[in-house]
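Note that chain A is present in both complexes that follow, paired respectively with chain B and with chain C.
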Partner chain A sequence: MTYSFELPLLILLILTAGGAMFVKDLLSAVLILGSYSFFLALVWAWLGAVDVAFVEAVVGSGLATVFFVLTLFGIEPRDTLIRRTPPPIAAVVGLPLLGLLLLYAANDLPAFGDPASPASTYVSPFYLENSLADTQTPNVVTAVLMDYRAFDTLMETVVIYTAGMACWLLLRRDAR
Partner chain B sequence: MIESRHDSVIVRHLGGGLIPLVQIFALYILFFGQHGPGGGFVGGVMMGTSFILGILVFGPTDRSTVVAKRVAEADGVGLIIFAAVGGLCLIGGGQFLNYAELEIPGLAAPSRRYLGILLTQIGVAVDIAVTAVSIVFSLSVVSGNGDSHV
Partner chain C sequence: MNIFLLFVLDILAVMIIIYLYRVIRGPTLYDRVLGLNGISTKAIIILIVIGTVYDRVEMFVDISTGYALLNLVGVLAITKYLEQREAPS
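Here is the complex of A and B:
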């Protein structure tokens, strides 16, 4: 197994994530975060989750960037430059150790695409075998989201509606 | 915050050409979501993004922003569409959101489910698009008569 595509992508992801954390100007950080989302969308597409890649590309690198930039326009220019204090010693030592622990624990995860893993043996085969006959929908993801798990999706829609309402209540200032 | 239309003629012309393309692509994503990648969520976000592009490029006095402001007042319509489809299933005698019970004569259960998925996807898309536009209006106060605050 070669990593000719994954390895440069991983390096770009780490570089953009680190850049967004270390850059001094908040506007630059927002734009670097947008490019990070774009690389993450490439990762999703590479893993075969094209629907998630779509959402990541549109929301992560498009919509979220616009929201961040509009927020930065609304605040004082001197507030967009941040002075970062050096991290405490405990974090510098502890967080890499935690990462090593997580890498060690990741050894026990089932391999990617393993047909015998619990995630692939429970309800996934039922959806894959029956969704086309049940719903005439070739895209299994859509069939699961909008039919088999429609109540979940309804509640997600409620969450998004609530988020819009909360922004409206907290931020609107054009009282007529 | 958005006080006038964008200064650069390049941005305005590119935006004017790009917005209809984005909207057509969003509709394609929405209505082709049952046969390919995409669906209500992405289609709605793209539709909202095209409106947002119009607001950012053409400023608060342009017709597209006025349309977007009207759109942003429709908060909750998509949710009502989604829940109403579920309610219609209840009226048909089934469970909530069980599209096989949609009372449409001459359609077999799979076709009813197909139709139910399509209608609820439209509901999700409307909800997401309206919410995205509404959040942009919340973040950057653009009043309809041209003068802006913040």
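Here is the complex of A and C:
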């Protein structure tokens, strides 16, 4: 099959990324980044990673927009206009070269969904075969996150909780 | 893969590009907000259609519901912002 949905998604992603770079005020950039994040969620959904798509759509596209706008509330209106300086020559020349290098390296990646790729042959079969008997959890991703790596997830939760508490303490309205 | 659903997806993507022109070029902020709203309606439908393609509609309905709810909150935040200060340009 040569005709697919990936190409329109790629065009949408590039359009929104370029648009967010070239608009003149911050609120427009926030809006365009919200739609960019949503198209990324569409890419995840199209590739079959439903959980990642859910998080990207809800957090990246919904909550991040709200947080950015809340940040804009605290900024002077004249500071929301972006004054752009022309990019340095090294970036103009170097970044396309880096992109070409990455495209060249992408030739060696295994095909999408290839059962013989290293990622699919190392520990994934163990989880797929044993997670239901070991943990009685029907969703494999949940089994890995919440059962096999429960302490890891617990510590991540502690880190996020601490970061949230620190932000809340810093951003209180009556902070001196 | 269902060719009909694939064409539906691509036509929806083209319609999103039309909205995207208004969001990126839009002379005023109100154009951008309206364009984003239109994109989000198309986006919800795209998510459901992808779910139909993969035969997992119930999961994708959850995603699109969460996205629609949070998109409402986002638009409310933006309009609150525009209400508080007169929009520049």
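Heads up, the rule we're going with is that the second predicted complex is superposed on the first by the 172 of 176 C-alpha atoms of A that agree within 3 Å, B and C clash if a C-alpha of one lies under 4 Å from a C-alpha of the other, contacts with A are read in each partner's own complex, and residues count from 1 in each chain.
To be clear about the criterion, a contact is a pair of C-beta atoms (placed from the backbone, for glycine too) under 8 Å apart; a residue touches a chain by one contact, two chains touch by 3 or more.
Everything quoted here is computed from the prediction, not taken from an experiment.
In the superposed model, A:Val50 lies in contact with both chain B and chain C. Contacts of A:Gln136 after superposition on the shared chain: chain B is touched, whereas chain C is not. Looking at the shared chain after the overlay, A:Ala150 reaches chain B, while chain C stays out of its contact range. Contacts of A:Tyr161 after superposition: chain B is touched, whereas chain C is not reached.
Looking at the shared chain after the overlay, A:Val58 reaches both chain B and chain C. In the superposition on chain A, contact is made by A:Thr71 with chain B only, not with chain C.
In the superposition on chain A, A:Phe5 contacts chain C only, with no contact to chain B. Once the two complexes are overlaid on chain A, the chain A residues touched by chain B in the first and by chain C in the second are 50, 53-54, 58, 62-63, 66, 70, 73.
Put simply, chain A touches chain C in their complex at residues 1, 3-5, 8-9, 11-12, 15-16, 19, 22-25, 27-28, 31-32, 34-35, 38, 41-42, 45-46, 48, 50, 53-54, 57-58, 61-63, 65-66, 69-70, 72-73, 77, 80-81. In the complex of the two chains, the chain A residues touching chain B come out as 50-51, 53-55, 58-59, 62-63, 66-67, 70-71, 73-74, 133-139, 141-143, 145-147, 150-151, 153-154, 157-158, 160-161, 163-165, 167-168, 170-174. Those residues of chain C whose C-beta lies close enough to touch chain A in the complex are 1, 6, 9-10, 13-14, 16-17, 20, 23-24, 26, 29, 32-33, 36, 39-40, 43, 46-47, 50-51, 54, 56, 59-60, 62-64, 66-67, 69-71, 73-74, 77-78, 80-81, 84-85, 88-89.
Here chain B touches chain A in the complex through residues 1, 29, 33-42, 45-46, 48-49, 52, 56, 75-76, 78-79, 82-83, 86, 96-97, 99, 109-111, 113-114, 116-117, 120-121, 123-124, 127-128, 130-132, 134-141, 143, 149-150, going by the rule given at the top.
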